[in-house]
Amino acid sequence: MLDFLLSFLILAGAVFTFIGSLGLARLRDFYTRLHGPTKATTLGVGCLLIASSLYFSHQGNGVSLHEILITLFLFITAPVSAHLLAKAALHQDLPRVNDRRGHPRD
Amino acid sequence: MTLFLAVLTPFLGAPLVAWLSRYSRTAAAWGAGLVALGSVLLLVSIVAPVLAGETLVQRIGWLPQVGLDLAFRLDGLGLLFAGLILGIGLLVILYARYYLSERDSLGRLYAYLLLFMGSMLGVVLSENLIQLLIFWELTSLSSFLLIGYWKEREEARHGARMALAITGAGGLALLGGILLLGEITGSYELTVILASGELIRAHPLYLPTLILVLLGAFTKSAQFPFHFWLPHAMAAPTPVSAYLHSATMVKAGVFLLARLFPALSGTWEWSHLVGGVGLITLLMGAFIALFKHDLKGLLAYSTISHLGLITCLFGIGTPLAAVAGVFHIINHAIFKASLFMAAGIIDHETGTRDMRRINGLWKFMPHTATLAMVAAAAMAGVPLFNGFLSKEMFFAEAVSMGTMMKFGWLLPFAVTIAGIFAVAYSLRFVHDVFFNGDPIDLPRTPHEPPRWMKVPVEVLVALCLLVGILPALTVEPILALAAGAVLQAPLPDHDLAIWHGFNPALWMSVIALIGGGLMYAARKPMFALHARHENRLDARRVYNALLEGLLGFARGLTRRLDNSSLQRMLALFVSFALLLGFSGWFGGGFGNNSPLTGPRALLPVDAVSLFAALAMAGVSLAVLKLHRQRFVALVMIGAVGLLVALIFVKFSAPDLALTQLSVEVVTVILLLLALYFLPQHTPAESNTGRRARDAVLALLAGVGISALAWAVLTRPYTSIADYFLENSVSGGGGHNVVNVILVDFRGFDTLGEITVLALAGLAIFAMLDKLRLEGRGCDDVGRAWNWDTHPAIMASLTRLLLPLALLVSTFILLRGHNLPGGGFIAGLITAVALIMQYLANGVAWTHERLPSNMHPLIGAGLAIATLTGLASFAFDHPFLSSTFSHVHWPIVGEFELASAMAFDLGVYLVVVGATLQILIHLGLMHDASHGPDACPIPSGQRHKAGR
Amino acid sequence: MNHLVIAPILLPLIAGIVLLLLRHLDINPRRGFSLAMVVGQIVLAAGLLRAVGGGDILVYALGDWPAPYGIVLVADRLSAWMLLITAVLALFALLYASRGIDVGTSADAGDSPGKRAGDGHFHVLFQLQLMGLNGAFLTGDLFNLFVFFEVLLLASYGLVLHGGGRLKTRAGLHYVVLNLAGSSLFLIAVGTLYGLFGTLNMADLAVRMAAVSPENLGPARAAGLLLFGVFALKAALLPLYLWLPAAYAQTSAPVAALFAIMTKVGAYSILRVSTLIFGAEAGGVSALIEPWLLPLALLTLMIGLLGALAARFLREQAAYLVIASVGSLLTAFALASPAGIAAGLYYLPHSVFIGAALFLLADRIAVSRNLAGDAIGDHIGDHFQPAPTMAGAALLGGLFFVSAILAAGLPPLSGFVGKFLLLRAALEHPDAAWIIGLVLLGGLLGMIALARSGSLLFFRSLPPPRVVPVATGAVVAWPALLPIFGLLALCIGLTLAAGPIHAYVSATAEQLLQPYHYVHAVLGGRP
Amino acid sequence: MLSLVIPIAFALVAGAVAMNFWRLLRGPSAPDRILALDTLYVNTIALLVLLGIHLGSALYFEAALLIALMGFVGTVALCKYLLRGDIIE
Amino acid sequence: MEALIALLIGVLTTCGVYLLLRGRTFPVVLGLTFLSYAVNLFLFAMGRLAIGQPPVIGTGLPGYTDPLPQALVLTAIVIGFAMTAFVIMLALKARAELGNDHVDGKDGE
Amino acid sequence: MSLRLLPHPLLTPMLAGIWLLLNNSIAPGQILLGTLLGWLIPLFTLRFWPEAIRIRHPWRMLRFFGVVLFDIVTANLVVAMRILGRPENLRPAFIELPLDLHSDLAISLLANTICLTPGTVSAQLSQDRRTLLVHALDAPDPEAVKASIKSRYEAPLKEVFETC
């Protein structure tokens, strides 16, 4: 059962991580590319960390919860990074493709 | 000891006299005279056994291990020379008192003279040849000062430098020769060397030894082709010339020939080198002397000629010739000193030395003229004057030598020609100066000089006559003594009589006298001829060209090599390292026994690693391609650093990974801070050739280090590592072996390392003191900066992160001893947490909350680490001996306390302090940030501005 | 437990820390403290010299960990000799930096870094520089040597760049970057040696090196020569000398004076490594370095003297003379004979002291000549404007004359004794003719160069009536001259005491050439 | 099951890393490259966590934690540079 | 694996040396950074490569790799950091004093 | 007084808890040490973070966190689908979100939440801090996005941090 759960979490984590980076590689302008890593990756890593926590708790040396800390760190920092990246892109006036609805302005 | 004192006295007297001259010129003269007299008295006190034919040797230990002791020797030759040096020295001191004008510092002259006198005494009284050389070079140095005495005169400076260069160079050659003599005989002591003549002459090193020694002697004695310095040394005040160029300096060379006569003479090489050079010098000097219009110039070339004569005599090599050589040394010293003094009087009285203007002085100074004429007669070799006697001996030796070899008849022939010229220039000296009509346009009206200025000349001229008329009564004892010392053997039969019958030598003298008279009479056309061909072959010009060439070469080479190009230095460094590395490997030829690959079992490659390696190589090469875009390069370097950390993780080095990660970020931040003040792009300024060269060097370096790494990685080894693994827990009290090594096994390294870090903080502080830089108002495409200095979202969330990061850093610090972590990483985390505050809130805001001076922190960290180490002194253990114990407290439970933890705390503090110190400095530099905001593209404006 | 061995490292470290913590104190007490600490180091070094003079080798196991696992400090005759030279030099450099009364300052040569109120840690850097030097001379561990190199380098960066100035900054940049590259090479060499032999302790390395297998000979030799390359850079050996002239000529005088010892660290390391690790008993790697060292050293000598001949400023000339002295010194070491090493070890303090004296003197002369500075000629032969009269010309001239005799190796002073010892030792070498010839030629070049600069500086001054008063520089201040007198007196002392000193350095050479004693002292019963 | 899943997960994360590198090299804009680096940092955490599970060692946790912190600081600094030039004004 | 690491060290060295030989301070600093990566990896590799064997006693892993090179590299990283920080600041000083960022202070050859 | 000794009463237990997480241990010694650090670190960082955080409705806060966590999971699935789909079909948009929040921390938390949840990234806070520019990955109807953000995240945050 645990094995199955672990496998699921690991696989899900890896898949989300992959998809996040796929977005980075695949999408067509910076603003859309920004979305993949900031969300999918965060969740992917989150899944993996939960898996790790379960795994090491199961290993015997007491519960292992410190992985939560990394998740917490990521949840605080990833949005700030994304925000600043978006700001920088706006500052540099990077081009947009597809849709041009809504004009960023100061 | 007495001999040592006799030599030392003038050296000690020199500063004394310089000091005395502050009071009066007369006091200085008396002082100098008394100093010289002191030396005389010291010598007289021990002279008795020497007069009886003994050789006195006195020794003081200095460097006996290498055969270098202060060893002095007084024998006949030394005594003769010491007499000349001191006697003529005393006369020159008296003479100089009146010669030198009020403007010139008499004290300085006397001081230099005494230095020179002491050096000369040292030369002639040395038993140890190295010691002789020391004094030899001292004569060069002190004569440099004497010749350059009138330092504001260009020709004085030039002459002094030339004399030093030539005689100094000769001295170096002589040093080489003496070293070889020491090598051959096993000693530098004359006693041994003079007794080893056979051994020396038979040794394979004889010829180089001889040549080196002769180079020394010839340069000093102004022998051809080194003669040219001597006329230029005439820029010295005349007392100096009278001293240096009659009895002392130039005689040092012939003294050396005499001194080493038993050791070196008697071979084909000796007679041809010494005799040949002497003969050439004799002829050339005599010839040129005739045509010199400068009074002292004439005397200078005459000196050269007479030195050639003496050299020639030693070259002939027979015992009788040696006796004649010694005799002529005496005679020449006496008449030449008096002639220089006379010339000095004339110069002093008329204000010029140009014989074309000086005429008919007989009317103005008959007394001086008489003295000068007597001395000139001696120089010419006129019978009844001393010069005649030794010259006659020389003629006789030339004749007897001439009968012994093929073309030997040339020798008496050449010698006679030299004699003719000698008579001619002597005649010119007398006639052109004292007669020959009236003076032309003299600066001063001449009259007899002060009484005491003539006394030295009178004494010397009297000697000329005494020796010339009564040689057996006057000079014979000292000559016998000296010649005996030269030969180190019983003296040959010789007869110091004026009349030896009608022998060839007499005829040669007669021919010389008559021929000289005729030649002088027919001088006009010869002068004209000479004037046309003057400066054809001027050794001085050769010397100057050589010197200029040397200077030009030195300048050219130095400027070419040292062009202050860092790129060149680095390229040389890389090339040299490559050369060393490759030649080290292949040393002993390509067929050596070191295979590139060793037998060690290797790890298999997995896909992820292969991929990561490719990525790393790709990014690194991309940096090479893109490095001109500095910001992009920086971002990519971040990726490389991350991959390096991953390698550390992969290969079981978690501590390194942590360290690498933290250092990487701080480095990138520092680079970003710096980049703000620097151009954003690197210009493409290297040409293709340079880039190709650099690429080749870089590639070779890469190949080399790859090969080295591969070679080592594939080889097995036995390491001291097991000891650390075994003793880490039991001896160091920690489970993390790397950390235990850092704070315990090799804690001393770590102490040094934090000292380096502390120094970085301090040195940057010292370097950047008050440096202000102007930042850029726009980014690299000319866009104004974003208005939002401190994005609120970032600011509030990073504040939240601060306590969290500090907690983490405490965690890392405390666990370091047992698990990956430690003071350094913890320190960097703390620093980064604080840097984050700078990033989010700016310098001003942060500095209000953080002490802006981290020196106490750095100092405290270093102090804690050092004190931890010192604490072990109290338990009589070496520095940095650690201790630990497991403590059990109620509730808290068991925990470990280790001295190494205190050490790690020191590390932590230094890291935090130094890192922040560096940043704070940048913050201060940023005071003058942001230049004028004149940006073509305002911030946020819609504009296509791709990067 | 004999802490005397580590004391020369700890004392300057503690001094540096105290000075750092007390940086707000007035300059005078800090200066006094710094001086006292240097005097203390002289005492310690002298004590250590006494302790090891009889031939004992003192080993200090840091942290009580036995060699080869822990780091050991090893004090033998050579270490003690280097320590004493360093401490004595430091005293005079510091005295000059701390001179009390200073009437004037020259354009950029005369700033005395230790004097300004906000002196930017001069004394701290100075003390830590000494710590680095002493550590380098004492350590018996190759990696620890690297660490001490870095300590002394970083301190030297701070000292070199003290104050501002275009040329100084450029020279400093070159010096720093080049040394950073050098540090990389050092690590590569040390790493390779560890990878091959699994140890860092120099004695242990010597033992393992002697038993090197033929398969490992290639990498071992490569590593050894790379190590030599690093030391050659520090020693400013050809072709790695180009950093030195500007760095030494552009920095402040007391720093340049202290730096007279810096190249000797490289020379020391070459000597230590080539006798201990690559010595006669090292089997396949024996005499690894000498074939490179000898020709390079001789060329360095030549290039240094040609540079001295071409120099446009006295400081530049002094810097090139430092290079030349490195050439002489390493020529002596390259002979690898007792006599050769002894000659080098005798020559070493001489060259350090006279080098320092020349830098200080150049600074004084520049101050005295005011606007003319220490320029020597305008580069077109002798035809240049006469320099303005300098203040105190007689005194400075006398000092220069003595310095020049010393620097050119002319009799009768220590320079000559050193040269004589070198030449004598060279006689036994197969290439004696070359060595002796070049050394003698070098003596001639040095003499010409110094006679030239001396006559240009001192013989050019106009006679008193025609002096332009405005052009005269500052009056010579005694406190500034005292260190120069002191350094020259040391050289004269070296001359007078040549006998006992030669006995000591000969014993040192013997000790070095029998590395067994060193190895035994460090490793004890171990092989 | 885990032994089957972990290699797949490694492959997926490695693929993600590959795409990060592609974006890093490709750009085209500076923010793109920073974003790529930031994502690389996060994906590295994933890699380390996987490695920890794979090797059964908890020793990689701190590295992951540190990457989270340092990656963030690096990204912030780089962005701030683009926005303001002077990152700690 | 060993070949991979050896080659990587070579690539990093090549990049480092090439950048080191450029004429401006910034690429030189980048070159030094590359060089220190290479050297640190080299020094580290001298303890040979081992996977999953960190030198932490009592973690239950199969063995321990050589801890000494790790400690040396740690020291080297710290020292390298100090040196890099210094040289970065020096580059700024040079820029201020020399007026440009050429390593020899001459702009536009 | 209490503010000076215990500047952030909430932070202390939080840090202590994190300490235990870090150490993977609830040994008494670690609890003690964690509490000590939880007390000391805020004291040290007081200067950086002077204003106290007041949380009015802790339970609403927790509920808010639950909502966000749920949204994160669903959002990721959505974004994953979008990424895997054809990029040309995406309808990205910049949306200007007028703000009712005032405190920096609340605005920051909102911005963070927006970043973590459905296809949105907060791109820019206006100079007057009244408008947040949000970029949506796929927003056929920007107004709906705006409304959803305001109701699901802004309102609870305002209640927790800013009601008096």
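Should a chain be cited, it is by its letter among A, B, C, D, E and F, assigned in written order, with residues numbered from 1 in that chain.
Simple rule for what comes next: a residue touches a chain if its C-beta (ideal position, glycine included) is under 8 Å from a C-beta of that chain, and two chains touch if they have at least 3 such contacts.
Model, not experiment: these values are computed from the prediction.
The set of chains in contact with subunit C as well as subunit F comprises B. Should one ask which of B-D and A-B has more C-beta pairs in contact, the pair is B-D.
For the pair subunit C and subunit E, the distance between C-alpha centroids works out to 29 Å.
Mean C-alpha position of subunit A lies 10 Å from that of subunit D. With centres set at the average Cα position, the gap from subunit E to subunit F is 39 Å. The mean-CA centres of subunit D and subunit E are about 21 angstrom from one another, to the nearest whole unit. Listed for subunit A are residues 20, 22, 34, 42, 64, 66, 69, 73, 76-78, 80, 83-84, 87, 89-92, 106, each touching two or more other chains.
Listed for subunit C are residues 143, 147, 150, 154, 157, 161, 164, 170, 173-174, 177, 181, 188, 192, 194-195, 200, each touching two or more other chains.
Multi-chain contact residues of subunit B (touching two or more other chains): 564, 566, 570, 574, 634, 650, 654, 673, 675, 705, 708, 712-713, 717, 719-721, 724, 745-746, 749, 753, 756, 759-760, 763-764, 767, 771, 786-788, 791, 793-794, 797-798, 801, 804, 808, 819-820, 922, 946-947. Those chain pairs judged to touch are A-B, A-D, A-F, B-C, B-D, B-E, B-F, C-E, D-E. Against subunit D, the residues of subunit E that register as touching in their complex are 51-52, 54, 56, 59, 61. On subunit A, the positions that touch subunit F within their shared complex are 16, 19-20, 22-23, 26-29, 31-32, 34-36, 38-40, 42-43, 61-66, 68-69, 72, 75-76, 78-80, 82-83, 86-87, 89-90, 96, 98-99, 101-104, 106. Against subunit B, in their complex, subunit E makes its touches with residues 1-30, 33-34, 37-38, 40-42, 44-58, 64-68, 70-75, 77-86, 88-93, 95-96, 101, 103-104, 108-109. On the subunit F side of its complex with subunit B, the touching residues are 11, 15, 18-19, 22-23, 27-29, 32, 37, 41-42, 44-45, 47-49, 104-105, 107-108, 111-112, 122, 125, 127, 129. Taken together, the subunit D residues at the contact with subunit A in this complex read 1-2, 4-6, 8-10, 12-13, 15-17, 19-20, 22-23, 29-32, 34-36, 38-39, 42-43, 45-46, 49-50, 52-53, 56, 58, 61, 64-65, 68-69, 71-72, 75-76, 79-80, 82-83.
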